[in-house]
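Each of the two complexes below includes subunit A, the first together with subunit B, the second together with subunit C.
Up next, the complex of A and B:
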């Protein structure tokens, strides 16, 4: 299975508000509120770390959750956020990632 | 959005802020509440540091304004830094100085929208308000450059006596430019507290017509409906977001509750932004005020629906008093007398 890399879109606005990440899409001005786990994945989306590693380090290490279930849920989250243009996803690391 | 604002209020986070980069301007609008001298604007380095602090304090929605922001030669590095910090940026400008390369750079920055003040579709009226010959033509050229880059533009139409009947023309112009349109019939006293520019306020008869124009207010019956009963939740409510979830920073680092509320709460050149926001006695006083504490207004039938501006009330001399312009709007909207006796004023419909 090929690795999946994720990066935060530069087209969004975002702020952590009381532990909850608020993200606004530039495409349609839609406002998203990310829960704890989604926020942890969002913050770790550096474009270089594979999603599986992010899930292991930021989700499984912090929350009592089965790794395969956590990865499936994370992939679903990435699909949803990518569809709104607020997260970028690729099977290669992002060259401009910080 | 309401939930985000409610959470910001609960946490005491300034989720919205306006930052004026300069008071200098290439226009001299007859209703402007600012003086246009440079009394020591914050440098780009100071502004970068301030933006870092504002991001840490939780500011998300950032309006960057002036004066005319394009007179700052370092505007783009400042905007770039703001976007790097993931602020949701709106820019206010007269657009007269925007060139194609500026529009291209703004587009790349993914700012939310650019708000441009247009007073009239008639050049002689617009230019007489800005006191800058050719300014309507230049503003429209700027808007077209922005639209060509796909940038969302909001045409802001401040109404006053000389342009009181031009809103339909400006709205049509905005539509032709594929821009959004907002109308504002409020003239703010000068920050020096000189109230003479209030004579420019739209005549009452014209304001009544505006309030009954469904193309401007939507459902007229709903907009002009009598206010409902004043209950405990209204009495216990906060009068405005200014100082609760919103603030304003002047080009000189003064921190205020709102651009229209010139009660200085501290200076970010002397204290960290978060310290002023959290601990200044002025902010704390503002936050202690509930609708029930308002002199006159707490016994007014319009309390729950009035647009009372605490900044305008402060400029009238009482932080807890009525804002006469809003009392007047409540009356003209509903036909029901407010608790605050309205002053007599020239009501002639001499709008040109």
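Up next, the complex of A and C:
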């Protein structure tokens, strides 16, 4: 299985308010709210760390969930956020990632 | 939603022609530059509108249009003030307007372009100058002014908000909500010790000491203009209609989401959208925000303290 890398889109703004991450897309001003787990993945989306590793380190280590289920849910989240253009996904690390 | 271009019939033209109290000001530029032999060119008239502590000068050679501006924005005129931003307004035939075109607000090389079927405008925020081309109607200039104010506010932590507002004992209260949420209703229920600023669009400016709210002349087509008054913001109330009056605190994330829904903004550029987003987030972390469910009952104002 090929690794999946994720990075936050440069065309968004985000803010953690009262423990809840809210994200706005500059494309259409659509607003998104992320729950705790989605926020953990979002914050770790540095473009260099494989999604599987993010899930192991940021989700499985913090929440009582088995790795395969967590990865499946994370992949679904990534698909959803990518479809809205607020998260970028690739099978290669992002060259400009910080 | 901005009001559409309205008809400009004989009645309006006649009404405009009848407005005589105009302030003449000779303006620099080719219109009055005698060295170039333009002696026959009309003198420029300037109206200075001070909305939200931002005086904007509108220059045109059309006295009827100037009269219309003075009438429409009567409470917001500041004759003699030094405008912070100046626009030259070129009036064109209303036949050139297309009512079907969507608004486009774009930027390049530090300038903004505002375009809709009924107007075109160019604005250089650094030079604080711009040009507007439209027919002699109040709706287009009103739209341009709203957009320019939102652009000028974007980097300052302020915004224009779909909200009624007013002050009591020197403290301002904002009542935000979309059309139908009850802005006009709650304004109409205000007791006599409340100074109403507006029942439609409020102006929020961030100052070193906190947020200030101002009334604006921006209205829907049927509403009356607000008043030129301001006060420090004490609270934001997110309006909802219900069977009884109820006040509940709202957490910052929900408050930011609701606030962003009610903020007027027209650009889609990443920079200004991000600035506005951060401005809304900053506001809700500093200003107490409540959900105010109310029945059409004046006792709701007992909860506004």
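Everything that follows uses one rule, which is that the second predicted complex is superposed on the first by the 98 of 98 C-alpha atoms of A that agree within 3 Å, B and C clash if a C-alpha of one lies under 4 Å from a C-alpha of the other, contacts with A are read in each partner's own complex, and residues count from 1 in each chain.
Here, a contact is a pair of C-beta atoms (placed from the backbone, for glycine too) under 8 Å apart; a residue touches a chain by one contact, two chains touch by 3 or more.
Since the model is a prediction, treat every value here as computed from it, not as a measurement.
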After the match on subunit A, would you call subunit B and subunit C a fit or a clash? clash
After superposition on the shared chain, which partner residues are touched by A:10: those of subunit B (first), subunit C (second), both, or neither? both
Who does A:20 touch here: subunit B (first), subunit C (second), both, or neither? both
Based on the superposed arrangement, let me know which partner A:29 touches: subunit B (first), subunit C (second), both, or neither? both
Which residues form the common part of the subunit A surface touched by subunit B and by subunit C? 10-11, 13, 15, 17-18, 20, 22, 24, 26, 29, 31, 33
Touch list for subunit A against partner subunit C, complex: 10-11, 13, 15, 17-20, 22, 24, 26-29, 31, 33
With touch defined as at the start, can you tell me which subunit A residues reach subunit B in the complex? 10-18, 20, 22, 24, 26, 29, 31, 33
Residues of subunit C defined as touching subunit A within the complex: 251-253, 256-257, 260, 265, 268-270, 273-274, 277-278, 281, 284-285
Taking the complex as given, what residues does subunit B use to touch subunit A? 1, 3-4, 7-8, 10-11, 13, 15, 55, 58-60, 83, 86-89, 110, 112
